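Same chain, two partners: subunit A is paired with subunit B first, then with subunit C.
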Partner chain A sequence: MNSDLIIHSVKSLFTRKTRSFLTVLSILIGIMAIFTLISFGLGLSKYVTEISTEMGVDKLVIQPKSFGGISIPEKQMSQDDVDFIANVKGVRDVTGLMIQSAKIQPDEDTKPKYLFLMGFTTEKEEKEIFLELMTVDLYSGRMLKKGDKLKVILGYNYQLPNKIFEKSIRLGEKILVNDVQVEVVGFFESVGNPQDDSNIYMTYEGVEELLGEEQGYEWIMARVEPGEDPKALSEKVFEKLRKFKDQEKGKEDFFVQTFQEQIEMFTNIMRVLNAVLVMIALVSVFVSGINIMNTMYTSVLERTKDIGIMKAIGAKNSDILIIFVAEAGVLGLIGGIAGILVGYGISSLAGFAVAQAGYSFLKPAFPLVLIIGSLLFATITGAGAGMAPAIQASKQEAAESLRYE
Partner chain B sequence: MSKKIIIELKNVWKTYQMGEIQVHALRGLTLKVFKGEFLAIMGPSGSGKSTAMNMIGCLDVPTKGEIFLSGKDISHMSESNLAQIRGRKIGFIFQTFNLLNTLTAKENIKLPMTFQDIQSEDREKKAEQLLEMVELGDRMDHKPTEMSGGQQQRVAIARSLSNSPEVVLADEPTGNLDSKTGERVLDFLKRLHKEKGTTIVMVTHDRKVAEQSDRMEYLKDGIIVKNLKR
Partner chain C sequence: MLSDYIVMALRSLGRRKLRSWLTMIGIFIGIAAVVSLISLGEGLSNVIESQFDIIGADVLTITATGNNYGPPGTGVTDPLTTSQLEAIERVKGVEFTVGRIIETGTVEFNNRVDISIIASLPEGERGEHMIDLLNFEVDRGRLLNPGERNKVMVGDNFADSDKFGKPVQSGSRVYIEDQQFEVVGVLKKKGSFVVDNTIIMNDDQMREIFEVDREDLDAIAAQVKKGVSISKTKEDIERVLRKERDVKLGQEDFGVETAQAALSTINSTLFAVKLFVYLIAAISLIVGGIGITNTMYTSVLERTKDIGIMKAIGAKNRTIFTLFFIESGFLGAVGGIIGIVLGVSLAKGLAFVGQATLGSGLINADVSIGLVVGSLFFSFIVGTISGLVPALKAAKLNPVDALRS
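Moving on to the complex of A and B:
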């Protein structure tokens, strides 16, 4: 194959600037859409991988069944349940998490907001499980310790002005939780979503001080012994707990999942959504393919005489084919390059905007394979769409094409 | 007389189907082209000149009859093989120049060599040489649209020679030029014939132009009717 033929193709594109530009624009839009969407899809996968390693795959979550995702279930798990699970062979540590809605105000004069109050343990091993699952570390101040009652750690967003309350809250300040004054002793790092970043955290004792004794748990978290299969153990815990609670098979009021499963459930929804959007974007690439084909048919017709000349001076059918397929492929490639550049800009901007809105986990990723893949896809779409017109061109009869005016 | 035959047409027929009617453009044309000669084929319009030219130039295959190029029968060859033969053995010069307007003079001359997979440096060198030869060394990077008709036809002559063909076929080479420019182009052809011994077949309807050659054939109704010798 000869590089001069390709150069010839590129040159002829530049002699029809407007038409080439419009065709490139149509590919650009398709590739841009695909590139943007996939970059977010990949970013999500990357986040899931990261969070899974951070949280570890060695954890089980036991929750009461509830209708609807975020609402606090009516039934709760009890301390008895926690103690029972702790005795199941293969379970290392178990801890419960209280989740309650609380009325929160920086001071009496500010309109209150109802946000989540989490109660967690002060025992060292168990606290670890909680921190790993929430994927947070202390940002400033100190951790809660045994005996802390009216002390509170706040989610990251409380430090920011105009985020939760107009006024930012500082370490050591007193705030009102259910009209009781509590002292802010620490802040957690950002989790990356606005719900979790506006939680407040107290000890079990603190929660009970505010809301009364005998609080149940909305979440029980367990760490499995090293070497134990979490999936198998989750089934075992489920079965044993069902018998312990004396519930009929299929009518349990709780469920057990490995943490991996929980993450997957969440991300699968996002992935399906992403895939649907990518499909829609594919349609636009398909349309741009038709556009290329149309452009190329026009181009072949316009250059009937040129084809005749080239054949007269020795161009084989395959030479003519290469010229036109290359021309269509170059159209695709240029559209692909432009689409990636624009798509990169849009993804970065959107990623920034989404992060500003508090969803910093929705970050686009741009691995090399995505860039090369997009370029290849654009080029192949172009060349593929140019194939039929190119075959038509290559089959034109030399003598007849020469007569064409 | 042991002149070597380069092209031989034996009882060549070409029939076109025009709707219901069959049109016989060539009716048993027999013609020999000898190596090193300058042959002119004359004839009025509609005499089958162009069809004859297409046959000699391997641009088309006959309906009936045989065509030999250097002793090889090409009348049943596939289009791709014909393209190869055209590219290597025949150089075309057309009435309307037929240069590619998107390419410069030099690129136009390089194109036939590109189709023969000749090395890039060799193409470059040969193209420059040929342009110098047709006295257009200063117009190498001009597009055809930036040149006069005479200059374009000289580029076409240079292009026809790029693969050192056995035969140069000129179809009304002066037809689109004024008489003065036409003469200059003819001079180039004659020089080519004399100095390099290139075989030239020229098709024309202009007797004055035809008389510049050293042998004339007269074509009428698709067949050679008279042998005109000077």
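Moving on to the complex of A and C:
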């Protein structure tokens, strides 16, 4: 019975090739647009889950309050703060990160760029927190070790020509940081965004050698003991540090977040933007639904006589209804399949282009749910749009329909 | 003659009312989406542009190059100095200069602490010039006089109760970096995130509080004399600064820009985002266009016999073509008119709701005549292009075959 219906609907679609093709094309375009956009949205969510569960699930971040990301130098966190947090029960390891702006040149004759200089620890456990939270790994060369002062590890992009500087920088070369010669001992892997891939990294001692003693920390990162709830601990650390720093409630000059909260804050804007774009693209699916409805009304009109004959030989109203709804559903399904194929191609190409531009964290994802969901959505849109014409067809009087010319 | 065509087109559209309506719905949904998004997008651009209107086109802003992270002049390794300011003032073509320092600091009010931007008001005549340049006006209270100690004026956002739980008013006492200040006035809203969140303080006192060197400056504004070339003056200033700061051509560690130049960078980013959104909205228009093509094909098919008769009694190919062409153009244009009306009301409605719920001036609908005329024209074009192939098909029908069908 069901296969009969499908064969019947495919056959009648073929008899009106141009019209069916155009209708399928319109749903194809709509499905393609939402498929592409959602695949990027899902890719972003996947990225967030990956880094927040694999690297960030057991971590807290303590930062000075700031205005639009700019903190006050005197309000940066101090070594005393780090030591205090290390002693809070439930905290396993703590490390501070210095973030400073630095003047960087490959050599004296090149126009300088002002980029971020990060200072990090050389202690083993603490260094691990830093590497996990920054999601960086050594790409080539060696890690910084105790006693390294005028040695630097560069972000991935420094190796590429015409990216940060015209010429690429190689291992062992000397570059100028704030007019001081430092040796490049390593490169980090790509983080996936141009800002972080342009950072340079030195030891605390190195940063202090360049910028003076007693540099504060822009970030303190802490690892939670296994089994501790990071959220509860973040509140505890906040409260204890407030008392330690002798600040009144509400007058704190710092804040504590779990890493998960922090990464969500950063990606929320992109998710909202993605959701808005999907909504806008949904409009085109709606319009394609209207096209299906139109095609089906025409189809019902053209086959008025057929409907009369079918009814005369005993077809029930529900049979007629199902025939036309199935036809509309098949239109949607075919459009959906084609839309997914084209959408897959576009997403992959766009993902490649975006990665070339340095934003490799924006990668499309194609889980099975998305594919099945898009197919279902296309079919339901088709069948739904075909509902009104099908009802009209099913309600036609057999005698009247037979008389129709 | 043309009116005959139009009457005929209208009649044949009227004969298939349902189909014509569904086809037009496809177009007007697309047009409504594009029109509402464009008017909201233009509204956003206007708000952003108005932030830059604060400073005139004939004012050059000079900053030392930093990492563009935060307010002008921050993250700089080699700041501008007062002697450089004087050198700029000696440049022929410069009317006067204003040098400022800009810092971030803690502000306490109503037992709450927040981080804010604090900018200096220079002493004497330069202070007067700055008030003129930035076109400062007060809503409540009075303007700060150059040289006045222990007094500040604050940006409009301080008058919001969300910032400190209750609004800062003229006469309020605030603590800036733990020193008490009296607020003499609240500045009129500028619509700029930075200016509206800034506190303006006497230059002398600010240097004491933030321990800024007497010589250092974060930004210099230079008013170009009336009738003097701005680009020529810009070059002169660059030359003077190269000498003062001892840097070679092409290696400048400072920038001289008009506000318009800074605006163009922001505009190009915004333009890319807007273009992307419009393109996605335009997809639904393409789908709507496919709907027109489909309807016209069906129409040609249904009227094959009519076309045969018309040709038999002497209608030329061109006549048939024009007939169908007008019909599809009409579908597009009427769909466009309804779409514009809907789109404009949607945009105005969204802007109204957005402003009421978010209180943000960023959501604004700007409906220009160009947009209305443009989208009307565009929808007509979409209609005619979509109808082109079916109309050609109709025109080329062989009269004998057509009559026989």
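The criterion applied here is as follows: the second predicted complex is superposed on the first by the 395 of 405 C-alpha atoms of A that agree within 3 Å, B and C clash if a C-alpha of one lies under 4 Å from a C-alpha of the other, contacts with A are read in each partner's own complex, and residues count from 1 in each chain.
Note that contacts are C-beta pairs under 8 Å (C-beta built on N, C-alpha and C of every residue); 3 or more make two chains touch, one makes a residue touch a chain.
The model shown is predicted, which means the values in this text are computed figures rather than measured ones.
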{"item": "Clash-or-fit label for the pair subunit B, subunit C on subunit A", "value": "fit"}
{"item": "Which of subunit B and subunit C A:366 touches, first, second, both or neither", "value": "neither"}
{"item": "First, second, both or neither for A:297, with subunit B first and subunit C second", "value": "second"}
{"item": "Partner chain(s) touched by A:139 [first = subunit B, second = subunit C, both, neither]", "value": "neither"}
{"item": "Touching partner for A:103 - first (subunit B), second (subunit C), both, neither", "value": "second"}
{"item": "First, second, both or neither for A:283, with subunit B first and subunit C second", "value": "second"}
{"item": "Touching partner for A:244 - first (subunit B), second (subunit C), both, neither", "value": "neither"}
{"item": "First, second, both or neither for A:316, with subunit B first and subunit C second", "value": "first"}
{"item": "Superposed model, subunit A: greater residue contact from subunit B or subunit C", "value": "C"}
{"item": "Superposed arrangement (fit on chain A Cα atoms) - minimum subunit B/subunit C Cα distance in Å", "value": "11"}
{"item": "Touch list for subunit C against partner subunit A, complex", "value": "18-19, 22-23, 25-26, 29-30, 33, 37, 65-71, 74-78, 103-106, 108, 111-117, 193, 197, 250-253, 276-277, 280-281, 283-284, 286-288, 290-291, 293-295, 297-298"}
{"item": "In the complex with subunit A, residue positions of subunit B that touch it", "value": "54, 57, 59-60, 79-80, 82-84, 86-88, 92, 94, 98-100, 102-103, 107, 110-112, 114-117, 120, 123, 159, 163"}
{"item": "Touch list for subunit A against partner subunit C, complex", "value": "18-19, 22-23, 25-26, 29-30, 33, 37, 65-72, 75, 101-103, 109-112, 114-116, 178, 248, 250-253, 276-277, 280-281, 283-284, 286-288, 290-291, 293-295, 297-298"}
{"item": "Touch list for subunit A against partner subunit B, complex", "value": "2-5, 8, 11-12, 15, 305-306, 308-319, 397-399, 402"}
